[in-house]
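Labels A, B, C, D, E, F, G and H are assigned to the chains in the order they are written; within every chain, residues are numbered from 1.
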Amino acid sequence: MKPEQIHILESFARLDIERAKRTGIPEAVFAEGKSPQQVLALLLSLSEKAGYALATRVQSMVAAQVMDEIPKDRKTSYNQTGRTLLVTRPDYEPKSTGGKIAILAAGTSDLPVAEEARVTAEVMGCEVLAYYDVGVAGIHRLVQPIEEILKKEAAAIVVVAGMEGALPSVVRGLVPMPVIGVPTSIGYGYGGRGEAALMSMLQSCAPGLTVVNIDNGFGAGATAALVANRVAQAISRSQH
Amino acid sequence: MKPEQIHILESFARLDIERAKRTGIPEAVFAEGKSPQQVLALLLSLSEKAGYALATRVQSMVAAQVMDEIPKDRKTSYNQTGRTLLVTRPDYEPKSTGGKIAILAAGTSDLPVAEEARVTAEVMGCEVLAYYDVGVAGIHRLVQPIEEILKKEAAAIVVVAGMEGALPSVVRGLVPMPVIGVPTSIGYGYGGRGEAALMSMLQSCAPGLTVVNIDNGFGAGATAALVANRVAQAISRSQH
Amino acid sequence: MKPEQIHILESFARLDIERAKRTGIPEAVFAEGKSPQQVLALLLSLSEKAGYALATRVQSMVAAQVMDEIPKDRKTSYNQTGRTLLVTRPDYEPKSTGGKIAILAAGTSDLPVAEEARVTAEVMGCEVLAYYDVGVAGIHRLVQPIEEILKKEAAAIVVVAGMEGALPSVVRGLVPMPVIGVPTSIGYGYGGRGEAALMSMLQSCAPGLTVVNIDNGFGAGATAALVANRVAQAISRSQH
Amino acid sequence: MKPEQIHILESFARLDIERAKRTGIPEAVFAEGKSPQQVLALLLSLSEKAGYALATRVQSMVAAQVMDEIPKDRKTSYNQTGRTLLVTRPDYEPKSTGGKIAILAAGTSDLPVAEEARVTAEVMGCEVLAYYDVGVAGIHRLVQPIEEILKKEAAAIVVVAGMEGALPSVVRGLVPMPVIGVPTSIGYGYGGRGEAALMSMLQSCAPGLTVVNIDNGFGAGATAALVANRVAQAISRSQH
Amino acid sequence: MKPEQIHILESFARLDIERAKRTGIPEAVFAEGKSPQQVLALLLSLSEKAGYALATRVQSMVAAQVMDEIPKDRKTSYNQTGRTLLVTRPDYEPKSTGGKIAILAAGTSDLPVAEEARVTAEVMGCEVLAYYDVGVAGIHRLVQPIEEILKKEAAAIVVVAGMEGALPSVVRGLVPMPVIGVPTSIGYGYGGRGEAALMSMLQSCAPGLTVVNIDNGFGAGATAALVANRVAQAISRSQH
Amino acid sequence: MKPEQIHILESFARLDIERAKRTGIPEAVFAEGKSPQQVLALLLSLSEKAGYALATRVQSMVAAQVMDEIPKDRKTSYNQTGRTLLVTRPDYEPKSTGGKIAILAAGTSDLPVAEEARVTAEVMGCEVLAYYDVGVAGIHRLVQPIEEILKKEAAAIVVVAGMEGALPSVVRGLVPMPVIGVPTSIGYGYGGRGEAALMSMLQSCAPGLTVVNIDNGFGAGATAALVANRVAQAISRSQH
Amino acid sequence: MKPEQIHILESFARLDIERAKRTGIPEAVFAEGKSPQQVLALLLSLSEKAGYALATRVQSMVAAQVMDEIPKDRKTSYNQTGRTLLVTRPDYEPKSTGGKIAILAAGTSDLPVAEEARVTAEVMGCEVLAYYDVGVAGIHRLVQPIEEILKKEAAAIVVVAGMEGALPSVVRGLVPMPVIGVPTSIGYGYGGRGEAALMSMLQSCAPGLTVVNIDNGFGAGATAALVANRVAQAISRSQH
Amino acid sequence: MKPEQIHILESFARLDIERAKRTGIPEAVFAEGKSPQQVLALLLSLSEKAGYALATRVQSMVAAQVMDEIPKDRKTSYNQTGRTLLVTRPDYEPKSTGGKIAILAAGTSDLPVAEEARVTAEVMGCEVLAYYDVGVAGIHRLVQPIEEILKKEAAAIVVVAGMEGALPSVVRGLVPMPVIGVPTSIGYGYGGRGEAALMSMLQSCAPGLTVVNIDNGFGAGATAALVANRVAQAISRSQH
C-alpha cells in the first residue's frame, strides 16, 4: 500500500463521525427488510451516541418486539400511522430550533407518508403545521391551511399526493415558499404505483417545486426541516 | 369454400359502404407517411363520394403539392397550424347540425392539436368555441371561456394539454359537460413526450373525463362532435 | 396575508359545496386501502348530505363490517360482483333521469368492472342495458345487443375488455353512439395487466372511442351516464 | 487445447456450410447500417455459392451504388417499396416449389414490410397471393382475399398491421391456416412505434396466430414459405 | 334500425357456430380467474356440443372441485404439471390426424408450459415427441431429440425457454421445420419475468422462428398442431 | 350560469396578475417549439409589465432573429451556452436580494443546464458561486468549491450531473445546505438519456437532496434562489 | 438424417461432460421454483460425479426437507443468510487454489446476496475477504477493507449494493483490481427493485467495473473466483 | 469551515493526481458532445502529463479538426472504424505489459465497438487477438478463434454482440476465461436498441460472464486489459 492511498483512507476514517452536525440531518434506520434484532441494535447504538434515534417503515409487529426488548434506560414512541419508532435516552432533551414547516396531504391514503415526514421534521426540532385530506377534489379545504401557512410563515411546505399528483403544483402556485412534492404509491392501472404522480410533479409548470422518490416521507420532511432550520438560524444569528 | 363462409364474407362486403352514416363520423385521410400522390388519390376518391374529404397531419409541402395537382372541380382549404387539408366538391354545401362544442388548449405549443380537433368538429357540422392559451399557469384566463361555455351550453369539451396535463381535470371539476382530454407530446425529460400528461389524465380524480391518445386531435374533435350532434338531434327530434 | 390572497381563498371555500350539482357526477368513496371505519364514516357523511352515497372497490369483508355497524336509519345494498356498496337515507327516493346507456363486457373475468359501471350509472338515474360475455371470440353474440342498443337509442356505450382489447373498436365501428372503452387487467405475459388493452384502445382506428384507466368501471359508467343525462335533459327541456 | 475441445470445434466448422439446405431458409444480407461496399461484397459472395442472394432494408441510394458496381456476370432486381435487392448468377434458374402463401396488409403504410415478406417468399420458390389495404377499418375489402385464400388453399398467411394491430386476430378467426402476424412501427403517441400492435397480437384470443418482431417482413415471409414448402413437399412425396 | 345493419348482424349470428371446424382449433376454457362453477359450466356446455372440452390454467383445487361435481356421463383427465383438465363425453372417440409435432423444454421450471402445449396438441389429434430439460447449458442433451425429430419428420417444433431464451434460436438453426418459441416467466432481476426471453426470441437471427406470448403453452401447442394437421391432411388427400 | 360559478370564476380572474410577487419566481418563456415571433411577442409583453423578461431554451438562430427585431427601447443579453435570452427595459434596475447560491456541474457536457440555472438565479437577484467540471471522476476538484461554499454560506446548492448522477449525493454528504439535483440527458445505452441519473438521485441515501426533471436548469436555479432569498429576507427583516 | 447433421449432434453429445473443467466454474442448482424433491435429486446426482454440489436460493423449509431426506453418505452445510446448500461426498476434500477475492456489501439488506457470492467463491477454492455494511453513507468504514484488500492483493472485488448503487464506482476508483458490481433489489419507489442500482453501475464513469444481473451473487462470486484462480495458477505455474 | 471539513477536503485534493497508477486504467476523453476545441485541449493536457492520451467516440470531422490544429510536438493516430484518436508525445514509448486478451465480434455492424475495445487494450499495453464476424449464425467461424485463444492463453475475452446477444454465453460455455459481454445497439423493433442483447447477457445461464453498458467498448477493453495485466504481472513477479 502506497503512502498516498493510506492518506486518503485515513481521512475517510474521520469522515462520518459527526454526520448529523455536518449535514444537518440525523441518520435514521430504514427498518424495511431488517429483522427486529437488527432494528433494535441500530437504534440502541445510534441513541447511545446522539441521545435519540429514529426508525422509519417499522411494521407494528416489529415495533412491538423492539419495544418489548429495549432496555429500561430508553424511552420509545411509536407512530402507528407513520410507522416511525423514536428511541430516546432518558437524559435527552428535545431542542426546538424555531424552524417552521407545513405538511399537506391530498387523501386519507397518503397519511402514512405525511406522518413519516411530520415525525422526521419534529425530531429535527421544527414546528409542523399539518393539514390532511386537502386534495384537489376538495380544493376549498385548502383555504384555511394556506391562510395559516402564509400567516405563520412556514419556511417550506411538504405536499404529499398520489393519483395524478396535481396538488403540489396547485399549492406552489399560491405561496412564496419552496414546495417539496412527495408522490405516493396510491392510484390504479397505468401509472398507479406512483409513476403518474412522480411524472406529473417532475413535469410541473410551477418552478419552486422539487421532488423526492415515491413514498419517501422521511426525505421530504428532512429537507423541509433543513431549510426551516437555516432560516431560523439566520434570524437568530442576525439578532445576536 | 363452404356456404357459411361465403355468407359471412358477402355480408362484410356491404359493411363499409355507408360508414359515415352508420358511425356518425366521416372517414379521414391520415397523411403522415403517405406520399402526396397517395393523399391526393384518397382525397379525390372520398370527396367524389361524400362531397368533401378531410386529411390530417398534412405537412405544408405535401399540402402545396396536393393543391397544385388537384382538378379544377375541387375546392381546397389548408389549415397550416392544424395541418389539415379539406377538399370539397363545388356542389357541396356544408350543413350545420346545431351541435356545439368547446375546445381549450393549455399552451401555445398545443395549438396544432387543438386546431386539428376544431377543423374536424366543424367539418362534422358543429359550432366550435375555441379558447387557447388557458393553461393552469394562467388559470385566470379560464374565466371567460368557462362562462361562455356554460352560457352557450356546449355539449362536450375538448381539453388539450401537455406537460403534467392537469388542465382537463381542473376544467372537468368546474362544468357539467363531459370532457375529452388530449395529452400532447409537449414536455421534457422523464415523461416529456406525452406520457406524463396521458398518465395524469388517466389517473385523474375527476370522473367524466375520458382520453384519447397523445396528439390525437382528430379523435377528440370527432368524439365531441358526435356527442354534440346527438344532443342537437335529440332536441330537434323532440321539437317535431 | 395580502387581500388578493384572501379573496382567492375565500372563493375556493365555496367551490366544492355543490360538487355533484356543478359537475353532474356525485362524489364516491374509493374503498381500496381504507379501513372499514373510514369507509363507514365517509358513507354516513356523504349520505347525510345527499340522501345516498356510493363506495367502490369494497371487499366483501369490509362491506360486511360496514353493514354491521351502520345505523338503523340507513339502508345498504352490496353488489358482490361489482364490489359496490350503496347507502341510502330512508327518505331517499331514487330519481330516474330518462337517460339510457349500454354496457358490454367481453369476458366473464371483466364482470366486476362492468358491474361497477352499471351500478354507477343507475345511481345517476340512468337505465342500463347490460350485455356480458360478448367478446370478439364469440362475435355472433354481439347481434342481439347491438340490435337492442340501436332500437332503444342508448346515448352512450361502455365497452369493457381485457386481453388485446379489440371489442370497443369493433362495437364503435357498428354504431353511431360514442363508445367509452375500459381496459381490464385481464391477460397474461407481456402487456397482460391491462397495458395491451389500454394501448390498443388508444391506438384504435375507430374515432368516437375514448378511454378511461385500466379497471376504472366507475369513471366509464359515470361518463356514459353524464352524456345520457344531457341528451335526456335536452329532450325534456325542448318538450316544455 | 484438449482433444475434447478440438473435436467440438471441428464439428462446428462443418456446421454452416449448407445452412440453407439444413434450415430450409437461405441466408440474407441485412443492409441497414452496412456500407454499399459491404453489401456488395456479401451479395457477390453469397450469390457465387448459391446462384442468388437477397439483401433486405436496402435504401435506394445504397441499391443504386451496389447496382452500379456489380460485375456484368450478375443480374440485379431492386424492389423500391420493399427495399429488397436480389442478385442472381446468369445461370441461376429460379425453382418453383409449389408452395403457396398469402400476404395481407392493413394499410398503405404497411406496404414496405409486406413487400419484404413477398419477395422473400418468392425467392424461396413460393407463389404469393398478396392483398393490400384490407385493414379493419375497411373490413369488407377482406371478402375477396379470404375467398381466394380459401379456394387456392394457401398453406400459411402473413398479416401485416400497425396501429392497434387487430387484423391478424380477425383473419385468423376466419380461416383454418396458421397466421403469422407482423406488427409495424405505424401509429402515434403511446405504443405507436409498434408496441401496441405487437402486444395486441401477443395477447390475441385467437390461437393459431404467432408473431415476429416489429417490421420483420423477412422473418414472416420466410416462415410462411417454410410451412408452405413443407406442405408442397409432403404432397409431392406422397404422390411418388 | 336500418336494413343494412340487420343484415350485418344476422350474418354475424351464424359466425361462431362451427368455430373449431372453420379455424382448425377448438375453443378452450382459460380457467385463471374463473370460479370452479364457471369452469364446470363452460366445460359441460362445450363437451356437450363437441364431445370433449379442454380447460387450461386449472389450479389443483379448482380441478378437484370440478371433478367432484361433474355428472357421471362425463370422463375427466387432469394433468397436474400442465394444469389442464380434459372433459369428454363417454361416446367421444379421440381421433388421430396423423400429424406429428415435437416439444422441447429448456429447464425443469419450464415443464408446466410445455405440458400445456403437449396436451393441447394431443387433444387436436397429433402425436407429440416431448423432450424436456434440454437447455443450452446442457446442449449435448439436444442430440437424441434432434435425431428423432429429423427421423420422424415432425412438422413443427415448440421450444419452451425462460432466462435468456436462447434455445429456440439454437434449435431452429439445426432443423428444417418451423419453430414456435414460448418464452416463460422464469428468470431473475432485469428482464426476469419473461421479457428477456421474449425479446431474445423476437430479435433472433434465425428466420423460421415465430413466437407466442410469455407462458402461452396452449397457443404454441395449438399452432404447431395446426401446421402438422395440414401437412398430414395434404399427404392423406394426395394419396386418395 | 349560477351565481356560485360566477363568483369562482371572478376570483380566478384576479389570480395571476401578480404571480411573480405571490410565488417569488418570475414567469419565463420556454422557447422550445415556439417561433421567433411568438418568443419576441411574449418577451415584449412580459418585460413591458415587469421591466425584464427571461426566455430559456433559445437556439442561437432564434435568439439572433429576436434580437434583430426587438424595438430600440429594449436591451437584450444572450447566453450562448445556457441558451437564455434576457430582455430588459432601459429603466430597469436589477436588484440584488443578498441571497447566495452555489452551482456545481459534473462535466463539460452539463454546462448548458448549469448556465441556465445560473442566469435564472441571477435574474432573481442572487449571487451565484459557480463551479464547473467537478465530477466524481475528478473528485479532488471539489475541494475549493466546497470550502468557498461553506465559507460564503450559500443558502442552497444546485448540482448538475449526467451519467450515473452520483455527484449530488456526494456533495450533500459534505455540507449542511439543501441540495437540488438536476439530472442531465448525458450518458449512453441503457438509462443514458438521463433516466439513470434521475433514478440515482431519487434513490439516494442522502436526505436533504431533492430533484427536478432531466435538464431542468431553470427549475433548479429558481428553487435555489427562492430558498436563498427567503434566508436573506429573514436576516434583513430581523435586523430591522 | 444426413451424415453432416449426425456429426454435429455426436460432437454435441460430448460437449457437457466435463463442463466444470472446461469452463472453470462448477454447475450449481438454482432452487427457486423447484420442489425439494427436484433439488435433492439434482444435488445427489451432481455430488455423485464431482464430490460436491451447491444449490442457491434455497428457502429454509426446502433446505430442511432436503437435509432430512439426504442419504447418510452425504454431508450438508446450509448458509441461512446466503440461502445456499452445499452437499459433499464424505471422501471429498475441498482444495484451496490460492486464489483470493474480496466482497464488500453496502448495507445490511445486501447480506443475502453477498453471502451467496462468498460461499460460491469458497466452493471454488478461493480465500474470501468479506466486509459488510460499508455503504457510501458510512464511507469511513471503507478504510480498513481497502487497506486489507490492497495489502493482501485480492485479485478481484465483488461489490454488492442496492438503492442508487454508487459503492462499486467508489471502490473501483480507489483500487487497481477489477470490480464486479451486483445490484440488489433494495430500494423504494421509482427504480427501487434494483433498476436504479443496475443502471448506475452500467452508467458508471469508472472503467474496470462490470456487472451481473440484480441479486446474482452466484454469478459475481463465480466470476471473481475465476479471475483469482487464473492469477493464482499463473503464479504457481511460473514458479515451477 | 470547521477543521474536520478542511481535513477531508485537503485529502481529496491529492486523490486524483495519479489516477492511472492507482486504478490501472488511464483517463480517456469521451468526445461525444464536446467541441473539437474541448477535445483538443483535453488531449493536450492529458498527453502532456502521461505521454499519451486517448479519445473515444471521435467523429471523423472532429478528428480531422483536432489533427489539423495539434502542435507539431505531438503524434496522432485516428482509427476510423473505432472512432478513437490517440495522441502521443514524441518521447513516448509504448510499453508492452505481456498481457493478452481476445476480442470477438458477432457481426459487421459490431465492428466500431469492438475496435474501440481493441485500441483501448493496446494502449494499456496488451496484445489483442481480434476475431470479427463470428456470430452465432456462422458459428463454425468460432473454431479458429477459440483454438487460438486457448493456445495463446488470453487472460480474458471481450465478446461484442447485438440482436439477441447470444454469442457471449456461447463463448463463455467453451472456455475457462472470464468473458466480458458488450451489447450493441444493433437490432430492430422491440428491444432493438441494445436492450434485448443487454437483458440476454444479464439473464445468461453461463456464470463467468459479466457485462458493460450498451456500446461501451472502452469499458470492456479496459477491464479485460486490467485482468490481463494482473495475470502478466503475477507471472512476472513470481519469476523474479
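Methods note: contacts are C-beta pairs under 8 Å (C-beta built on N, C-alpha and C of every residue); 3 or more make two chains touch, one makes a residue touch a chain.
All values derive from a computational prediction rather than experimental measurement.
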Task: Contact-graph separation of subunit D and subunit F, given in steps at minimum - done: 2
Open item on the list: For the interfaces F-H and A-F, which has the higher count of C-beta pairs in contact?
Closed with: A-F
Task: Same-residue or different-residue interface between subunit E and subunit H, half as cut-off - done: same
TODO: Compare the CA centroid of subunit C with every other chain's and tell me the farthest one.
DONE: H
Task: For subunit D paired with subunit E, centre-to-centre distance based on mean C-alpha positions, whole Å - done: 25
Task: Distance from the mean Cα position of subunit E to that of subunit A, given in whole angstrom - done: 53
Open item on the list: Can you work out the whole-Å distance between the CA centroids of subunit A and subunit G?
Closed with: 38
Task: Distance between the centres, which are taken as Cα means, of subunit D and subunit C, whole angstrom - done: 46
- [ ] Specify, in ascending order, the residues of subunit G that touch 2 or more different other chains.
- [x] 5, 8, 10, 12, 14-15, 17, 22, 137, 139, 173-174, 188-190, 192, 195, 202-203, 206, 213, 216
TODO: Note which residues of subunit E are touching subunit H in the complex, please.
DONE: 135-137, 139, 163-166, 169, 173, 187-192, 195-197, 199-206
Open item on the list: Residue numbers of subunit B touching subunit D in their complex, please.
Closed with: 1, 5-6, 8-10, 12-17, 27, 32-34, 38, 183, 185, 194-195, 198, 213-216
- [ ] Going by the contact rule at the top, pick out the subunit F residues touching subunit A in the complex.
- [x] 19, 22-25, 28, 155-156, 172-178, 180, 202-203, 206-213, 216, 218-220, 222-223, 226-227, 230-231, 234-235, 237-239
Task: Of all residues in subunit F, those that touch subunit H in their complex - done: 108-109, 137-143, 146-147, 150-151, 174, 186, 188-190, 192
